[in-house]
Amino acid sequence: MLQYLVSVCSLGAITAILVLGVNVRWGLAGELDLGFYLFPAVGAYIFGVVTLPKASTQVDVTYILGWHQSFFAGLLAAAVVGGLLSVVIGAVALRRLRANYFAIVTVACTIIGYTFISQYRPLFNGYNGIYGIAPPFGDSIKLGPQGYANFFLGICLFAMVAVFFVVELIRRSPFGRAAKAVREDEVAALAFGRNPYILRLKAYVIGGVVGAIGGALLVNYVLAFSPNAWSPLETFLLYGALLVGGTANNLGAIVGGWLVLIIFPQLSLLLPPIGGNPDALPAIQNMVIGLLIILTLYFRAAGLIPELQTMQGQFRTKGQWNWSRKGHGQVGVVDASASV
Amino acid sequence: MTNATAEAPALVVNDVWRSFGGVKAVNGCSFEVKKNSITGLVGPNGAGKSTMINLISGLLPVEKGEIVLDGEHLEGHTMDAISRKGLIRTFQVAREWPKLTVLENVLAAAPAGNREAVWRSMFGRRALARQEAVLEARARALLVRLNLTAVIDIPAGRLSGGQKRLLEFARVAMVAPKMVLLDEPLAGVNPVLGDELARAIHGLRDDGATVILVEHNLGFIERNCDTVIVMATGQVIGQGSMQDLRTNKAVVEAYLGQA
Amino acid sequence: MTENSQSMLVAENLVVGYGGAPIVRGVSVSIGNGETGCIVGPNGAGKSTALKALAGVLRPISGKIMFDGADVTQLSTDKRVARGLGYVPQVANVFATLSVLENLQIGAHSKRHGTNERVELIWDLFPDLKPAHHRPAGTLSGGQRSMLALSRALMAEPKLLLLDEPTAGLAPQLELQVWDHILAIRDRGIGVLIVEQNTRRALSNSHSAYVMVDGEVAANGSGAELLDRPDLVEMYLGGH
């Protein structure tokens, strides 16, 4: 039971990182990126091919690189490639496209990526994908299975907190304020000397890096990665999580991620098997998740944690965090009368 | 600051043309604006005043002609590039950033410098915090001058129309611009605010800016402008004091029409 | 002011606004049966707002509007149209995706029969529209669109038409054309109250003219009278 919980919580932390990535693009920059999942996928693949040994010719597996590097190298590589890919896609998609058109182009890029990776075997071994990822630090740390699982949970939680910390710093900075201004009124931002394209592109890249890091951790959890593990549809679940947790709100992203992608599915397991058909379970699970999303949004349309009203008090000289319960713009104030 | 009578004009508009689908909104418009003046830009509906403002500020590209600010050509540049050169414009409907507070609105208007680079949110934070503190002090002083202290921490979207206008002036003043284009600042605002807006406009001039004021309220123009330029059908048809313009046949005809 | 018992449209002390200071501050208007009236004045005077109140697009804060002997102050625009008070707004005055003919047919919506005869009448008045009858209204030129907007309102057999700046944004020769059409409509016995940018032209063609300044009627009388007034320029350019 404990092992099960630890495992689920590790996945929860990783999922929270993915939702934080979505929030950087949607909440900070206002970009409706429906193809987000391409970046966790790329992060996972890159981590894999950097840390795996060279593709063995004996077993029928082919992939690029195979540098057999450490966990940290893999993570760094994933982040870098995620960032570079963001620059390439963002430079094209963000230059002229808005809203619906931008969303469609991102979906198209993800579908192209998905299809290319699936078909072009030499890249990441096509449909069969890569597997046999070594558990991080598995050689250096001698712990039993339970101990190791706890250790891995520790890594994931640490990563989640670290990503949250960085993303919050960014949100509260002058850059974050400028990105928010662009999101609210782009023409006014232009009128005051800001370049919306550059600001949006930077946010897009940050989102890609966060997504790739999440993907790299994910492949350490699953220890394998193939097109089965991701489809262009996955992005919608992340958005569902963000909407429930509270858009434009990093704490909401974490809460939403845990709630929609971990707790809701767990709740659906409590249901008695309907019709006694075990294959129905995933379908039922999805229906339950959907229903719970609808109910949550019906009663709290702004999400569980509404967007912070102001950024005030969040850039103090000493860099201290103002976590007080009262006042404007502080985390923890769930003000039902606040207009979002 | 003294009103220096500089020889070189602050802005030179030279034979500017712009059409929309065959309709010549601005055709061969030329004028000069004296440094540190408050110059009115008036004319009947459809004269091309707003288009001219959009052309100068870079919101619309110029088809033909030149626009020169302090010796620098503006035509062909994007709106944000022109703003960074020191020319700031306002809009007919105030464009505040609704979910940012009044104070944040003013801070977000201040020239970015390198404060808004992403890496600065993580490294060099102490220096950044010092810079921000200086800006915040300036912003607060401006908001005091414009009587907006009471709403300083309120999201700007909740302000009244008049307060949003005053906020616009605060944002403009924060930039300390060379030149300000005001696009119908009285539109939709309660007339009692007229004096406060006039004070804000003179405040901008006193701080060293040159102001171009587009307005329909000719009484306001007469009370506040050093000189007035009249446009009609895309060209300049007269310039001078309101008194001069009232006896200018072309101006009267532009306003009253041809029978 | 033509105060005859045959006044088709009478407005008394209209006050109209959007909250805050009202834009129209006590305006009274009277247009007789079959007359041409106009509301002119400098920008921001509240002319369009007053017209919108007469048309039913805006509800006045106070004041009364009588049309053809009945109190229509509380009636919505479509009910006013059904009673014969037509309205042609300045923008969005045709359905761009529908054809010319479909626009006309919708205009006749409140009338059950006689549509075909009315359409023939429109082709008579505006021969340029007939060859374009199948084209989407969005593809028409500015002048044609203006004609179509006018025609669409005519399809409902109005007794009086309210026109909001019908010549706005049109080239000078098109302006003249639109005025010819308005006069042709007037010649058929349909009254017209027009808010117009070109003051002198409007005044020279109106029986009943009103100059609005700052939300109030600064002068009224026959168009010819107002045209000759020496202080007309002042109302626009200020000064004493």
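As written, the chains take the letters A, B and C, and residue 1 is the first residue of each chain.
In this section, a residue touches a chain if its C-beta (ideal position, glycine included) is under 8 Å from a C-beta of that chain, and two chains touch if they have at least 3 such contacts.
This is a predicted model, so every value here is computed, not measured.
J.: Could you tell me which chain's Cα centre is nearest to the average position of every protein Cα atom shown?
T.: Looking at where each chain's C-alpha mean falls, the closest to the middle is B.
J.: Measuring between Cα centroids, what's the chain most distant from subunit C?
T.: Computed centres place A farthest from subunit C.
J.: When the centre of a chain is set as the mean of its C-alpha atoms, what distance in Å lies between subunit B and subunit C?
T.: Centre separation, subunit B to subunit C: 35 Å.
J.: Centre to centre, by mean C-alpha position, how many angstrom separate subunit A and subunit C?
T.: Result: the chain centres lie 58 Å from each other.
J.: How far is the middle of subunit A from the middle of subunit B, if each middle is the mean of its Cα atoms, in Å?
T.: Centre separation, subunit A to subunit B: 43 Å.
J.: Under the touch definition given earlier, write down the residues of subunit C that touch subunit B in their complex.
T.: 20-21, 42-44, 168-169, 171, 197-204, 227, 232-234, 236-239
J.: For the complex, give me every residue of subunit B touching subunit C.
T.: Residues of subunit B touching subunit C: 23, 44-46, 161, 187, 190-192, 216-219, 222, 242-243, 245-246, 251-252, 255-259.
J.: Mind listing the subunit B positions that touch subunit A in their complex?
T.: Residues in contact with subunit A: 57, 59, 78-80, 83-84, 88-91, 95-101, 103-104, 107-109, 111-112, 115-118, 120-122, 125-126, 128-130, 132-133, 153, 155, 157-158, 171, 175.
J.: Please output the residues of subunit A touching subunit B within their complex, sorted ascending.
T.: 166, 169-170, 172-178, 180-181, 184-185, 187-196, 199, 202, 206, 307, 309-312, 315-317, 319, 328, 339
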